[in-house]
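See below for the structure under consideration.
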Amino acid sequence: MGNIFGKIFSITTFGESHGAAIGVTINGCPAGIPVDLEFIQQELARRKPGQSKITTQRKEEDQVEILSGVFEDKTTGTPIALLIRNKDQKSKDYSHIADKFRPSHADYTYETKYGIRDYRGGGRSSARETAARVAAGAIAKLMLKEFGITFHAYVSQVGTLKLDKHYTELDLPKAEENAVRCPDQEVAQQMFDYIDDIRKQQDTVGGVVTGVIQGVPAGLGEPAFDKLHAELGKAMLSINAVKGFEYGSGFEGVQMKGSEHNDAFYTEDGVVKTKTNHSGGIQGGISNGQDIYFNVAFKPVATIMQDQASIDKDGNKAVVSGKGRHDPCVVPRAVPIVEAMSALVIADYLLIARTNKVKF
Amino acid sequence: MGNIFGKIFSITTFGESHGAAIGVTINGCPAGIPVDLEFIQQELARRKPGQSKITTQRKEEDQVEILSGVFEDKTTGTPIALLIRNKDQKSKDYSHIADKFRPSHADYTYETKYGIRDYRGGGRSSARETAARVAAGAIAKLMLKEFGITFHAYVSQVGTLKLDKHYTELDLPKAEENAVRCPDQEVAQQMFDYIDDIRKQQDTVGGVVTGVIQGVPAGLGEPAFDKLHAELGKAMLSINAVKGFEYGSGFEGVQMKGSEHNDAFYTEDGVVKTKTNHSGGIQGGISNGQDIYFNVAFKPVATIMQDQASIDKDGNKAVVSGKGRHDPCVVPRAVPIVEAMSALVIADYLLIARTNKVKF
Amino acid sequence: MGNIFGKIFSITTFGESHGAAIGVTINGCPAGIPVDLEFIQQELARRKPGQSKITTQRKEEDQVEILSGVFEDKTTGTPIALLIRNKDQKSKDYSHIADKFRPSHADYTYETKYGIRDYRGGGRSSARETAARVAAGAIAKLMLKEFGITFHAYVSQVGTLKLDKHYTELDLPKAEENAVRCPDQEVAQQMFDYIDDIRKQQDTVGGVVTGVIQGVPAGLGEPAFDKLHAELGKAMLSINAVKGFEYGSGFEGVQMKGSEHNDAFYTEDGVVKTKTNHSGGIQGGISNGQDIYFNVAFKPVATIMQDQASIDKDGNKAVVSGKGRHDPCVVPRAVPIVEAMSALVIADYLLIARTNKVKF
Amino acid sequence: MGNIFGKIFSITTFGESHGAAIGVTINGCPAGIPVDLEFIQQELARRKPGQSKITTQRKEEDQVEILSGVFEDKTTGTPIALLIRNKDQKSKDYSHIADKFRPSHADYTYETKYGIRDYRGGGRSSARETAARVAAGAIAKLMLKEFGITFHAYVSQVGTLKLDKHYTELDLPKAEENAVRCPDQEVAQQMFDYIDDIRKQQDTVGGVVTGVIQGVPAGLGEPAFDKLHAELGKAMLSINAVKGFEYGSGFEGVQMKGSEHNDAFYTEDGVVKTKTNHSGGIQGGISNGQDIYFNVAFKPVATIMQDQASIDKDGNKAVVSGKGRHDPCVVPRAVPIVEAMSALVIADYLLIARTNKVKF
């Protein structure tokens, strides 16, 4: 279980980091969406390793192939299967980790849960799986483009270095102009240096990605349990290394008084708006037409280039040595993943919302 | 949609705050669990209004009736229906809010989504719905008691007032000894005064509830999407007024380096343990046998005893006046809800984990 | 598991035959449907025991109470809970079956599966559960009335006595004018006598219910697995005592050649129709706008008024004696259940179909 | 929607008959099952076209590739993706059907539902999709082999020619010794000649496949809605061309009296058995440990080698000409599909049954 996400517009992913391929089948994608293979490929390029010296130097081509569900460049309503072959799976020697449990990795938990595990590069627990999400998210984005809904994520914190600006003060697309994916070029440079320094220390550091969704109509979200932010939160928390999620005023908001926090309604040209947006575009679990924004916390990557004390499968002491090529900080590459998961949630909920009234 | 939670051990809730009743049907609860009606009733008592002057003075008896699924005081494997009649539904005058949208409430979003809404006391969007969750969660707790799994939640922040102790430094059951549900009696008193002061200001304030789950065996959680913390996060975010969720090192953890954050494995008397627990008991989305702990952020309650500017259904300016009896701070009553949702997630995942291996 | 039916418009049922109550929660019913309590009550009256001497003389009032989801006589989009108290649950003596396994009942299988069972009157396995389905189906019918979709089921076979007319030759509403629910009054009388004769023999007999759904638009059904007839089939097979399902040409159709069986398309006044309808209104798992019709086979009721050889819980020989009041033939009362399940399937699929195209 | 089957052990299929590939992802397959690629390939060979002159002469290599979820020849508990490239997709001319609706095919319904359709060879509605089911079913069979559960399906009727023997009188594996897949070699020859005659007439004919499942332990099935036979029925009805399903005594059983139909319990060497098995191994929707058997009705294939009157997309009259290579009777090739779907249902329900009791 656990490899399906979404109710109507749903995805099923598969694949290990060092198996033959990873991929995804989208079930429930509506018919009639123009499919732009180039765009899917670009989205994958944003996630792929080796983009700069602060991301891992592994080479993954991530060439996507559409196996079904698209005919004459349009979705047909049948399942869309996307396949990405694993190119970088050299017959490496994994004996150094085959029987050891790397600290804060999923080695021990997979072994305990399944009694067997594909130890090559983390197997299924590797963030390689997120490439499939990005590919599927690209289709969701293409669908939502038809409705004028857009997604912008960016890096707002790296280690102790915070971008102290609200998203409304930023030119969001500028995040794509630097390796860190922070829309403030000055802070971006500081973050770059910070990460590069960590890299030189053979260490890693965490960070925060902020997501912004604009153009969402009022009415999306399914209380009581499938509130829009609850599903968004789950989507984000399901991304590798994520430790926290907050939307709107978030954890800061608990310090406010109700009289400060409440978002006053008003109308402008017949459109209902709110003066502030501490609600983060969601009230009672349903979108209210305002911008949706949220933060996602990523822990420092567990793989470090240092020796660490651990145990082996038999419970004996063992030393895990850092090897291979890894990200010193995962957030720059996490940006397109956050966007992809956002798009998958919104696509699903937009379709579900069509069933809320007897006459649509 | 949206009123079902869980995959195997799942619940379906129903009910509006001022309708005839609220209730829940548990589907997939295993047979053979001793059912203690008294215990369910106690759990409801922990959530009910009117427990002290810092909680709303509304009177809800919350008398639960078991309609099915229990025979000779044991669960039978068939659906368990629990019914709670709404006692406090006097024929009040709701005309003052029938056509107005209260700020930061779900009035506007429900109206937009469904084209109709039960405006009496918030209807379905009222936190009254959580009584059904607490009742179902009590059954989940009774099941998990059989496996030695326990749940403790407590208030760790009220407004700007933080309890600066880690859960491991606290005597958790002591939280039940004061009205705030904070296990540090001194801080509890400060919080009480803080909330009481807010109440006198006719205002409200937010807070944080910390949840701790102990005794969970390694192996629970279903990657890639249904990671244990992702489902826990969704469960928490689905509770009224929740704005954020973090587990283990959470948002703080992003500032750490990998070399500090990684939890080193060791064995003690043949049991695998970790020296630190920044992972919060979950690695790769699967429990590792260590304590699971997390924080849940609650915004200030939207209903305040003050006049607020808003609009009516036709988009005209309108003033919403504070009326009725409401909580100045929701977190003391949220404690049993956080525990209930935790228990529901663990019960579900414990059952699912039985299907992970071909021979169990 | 197993107590939820449907994906969008879904129901969760609960209740044992001799527990406090049975009931159902409808999740995903669209807002804005006028709810006619009288109509729900009438549908239940069609299913209830004691309608004539050929149905069981047990008295069940089946008074339904709407607990939620309806406001000012319209559905609000929130879950609709319907409650039916069990009135006829006298403190009978069930010791004669408490430890015995009645032949062809679910006593043995429930005992084996759950290790415990509510032996009073069959508990959850009793057809009493279908009252909840009929109540929910009434809401589905009210919804589908808004779209001009109608449901007619009738008895087409009792034991060896078959009604040798196709549904197109019959005046379907006339089925409600006799106790057997066969639209041909002459055959109905023969069936009545047949069943009455069986009843006098202290025995039971099986039968067939034919279902006809009219007014379904083309486009409903979700291949590959959730084909419209596959879900309809499952719905019917989930009714107590059902042993078979066929639609359109069914089992007879296997004897035909493709050249005879194929339904030729033509247009009439711009509407696409087929000259014959061996497809039963469904092609490739999707409705084609023609009438949907099908047959449902019911076995003879297992409870007979005779002594039967069996075993007890310990595997010892035991005699099961017929006691109580039971139906000699279940099909007359099954007619509204077949209609209800049909309505639930169509309601669900009609909503799902709204998600098939990007622009609706 | 509609491309996922199963709850725990679930499959997601994709692919069109003339697209790049078809395939399936198995989600929830337990870890530790030995995977025999040879066996999967053999199962596909049983389904593939061109096995004899009474099956279509199209050549499909159906070479399966395992993309994930298997490590060192064992399942790992992660999703298993199986890929089958479409080899026979020559750039044929489909203009003769691009704008026409073939009678009793899914052309019209797909066009109406989605507003677009892949007209090449039926696209998604083609029975080619079932190759993915057979591949997944092979994995399910490998799992169930560990529990001693076996599957035998065979052809029991072709057109008007019925095999008048109960499955208990037959040597089931012998079905694989002839092209028709009927275990009675004499009747098999008659069926072969019958089908060959139909083929020469450029026509098609229907048939019945009987399925037998042996070794299923008591306790599988999830009432009320997910009764074992209801899910089995849905599984069968979801196969292309299926028009009916019956289990145990089926439609014949309605003619019996309860006193004849009831299956008397007895014990033999401490094992509970029934003297007769009209129940078909399922009582109250739960397996009782006896053999499960059922019939599946297949209509005559819609594609015939004759001209047929129909309409085009604009509603104008059009003639559809028979072209290509098609099966005169689908049942011989349907045998492995019936077995595959049976195995998928049993695998799923066997896992779910582990969650029925608190202590397993």
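For this structure, a couple of remarks:
Each chain gets a letter, A, B, C and D, in the order it is written, and its residues are counted from 1.
Rule of thumb we're sticking to: contacts are C-beta pairs under 8 Å (C-beta built on N, C-alpha and C of every residue); 3 or more make two chains touch, one makes a residue touch a chain.
Keep in mind it's a predicted model, so treat the numbers as computed, not measured.
In this structure, the chain pairs B-D and A-D differ in their number of contacting C-beta pairs, and the larger number is found at A-D.
The interface in C-D, A-C or A-D that matches B-C, meaning over half of the contact pairs are the same by residue number, belongs to A-D.
Once the centre of each chain is set as its mean CA position, chain B and chain D turn out to be 45 Å apart.
For the pair chain A and chain B, the distance between mean C-alpha positions equals 26 Å. The distance from the centre of chain A to the centre of chain D, each centre being the mean of the chain's C-alpha atoms, comes to 38 Å. Each of the following residues of chain A touches two or more other chains: 1-4, 7-8, 13, 28, 31-32, 77, 110, 113-115, 124, 352, 355-357. Of all residues in chain D, only 7-9, 28, 30-33, 75, 77, 143, 146, 351-352, 354-360 touch chain B in the complex they form.
On the chain A side of its complex with chain D, the touching residues are 1-4, 8, 10, 12-16, 19-23, 25, 27-28, 31-32, 65-69, 71, 74, 76-81, 83, 110, 113-118, 123-124. For chain B in complex with chain A, the residues that touch the partner chain are 1-5, 7, 13, 101, 103-106, 108-110, 112-115, 124-125, 129, 157, 159-160, 198, 201, 203-208, 218-219, 221-227, 229-231, 233-235, 237-238, 243-251, 253-267, 270, 272, 274, 278-280, 282-289, 295, 297-304, 306, 308-311, 315, 317, 352-353, 355-357.
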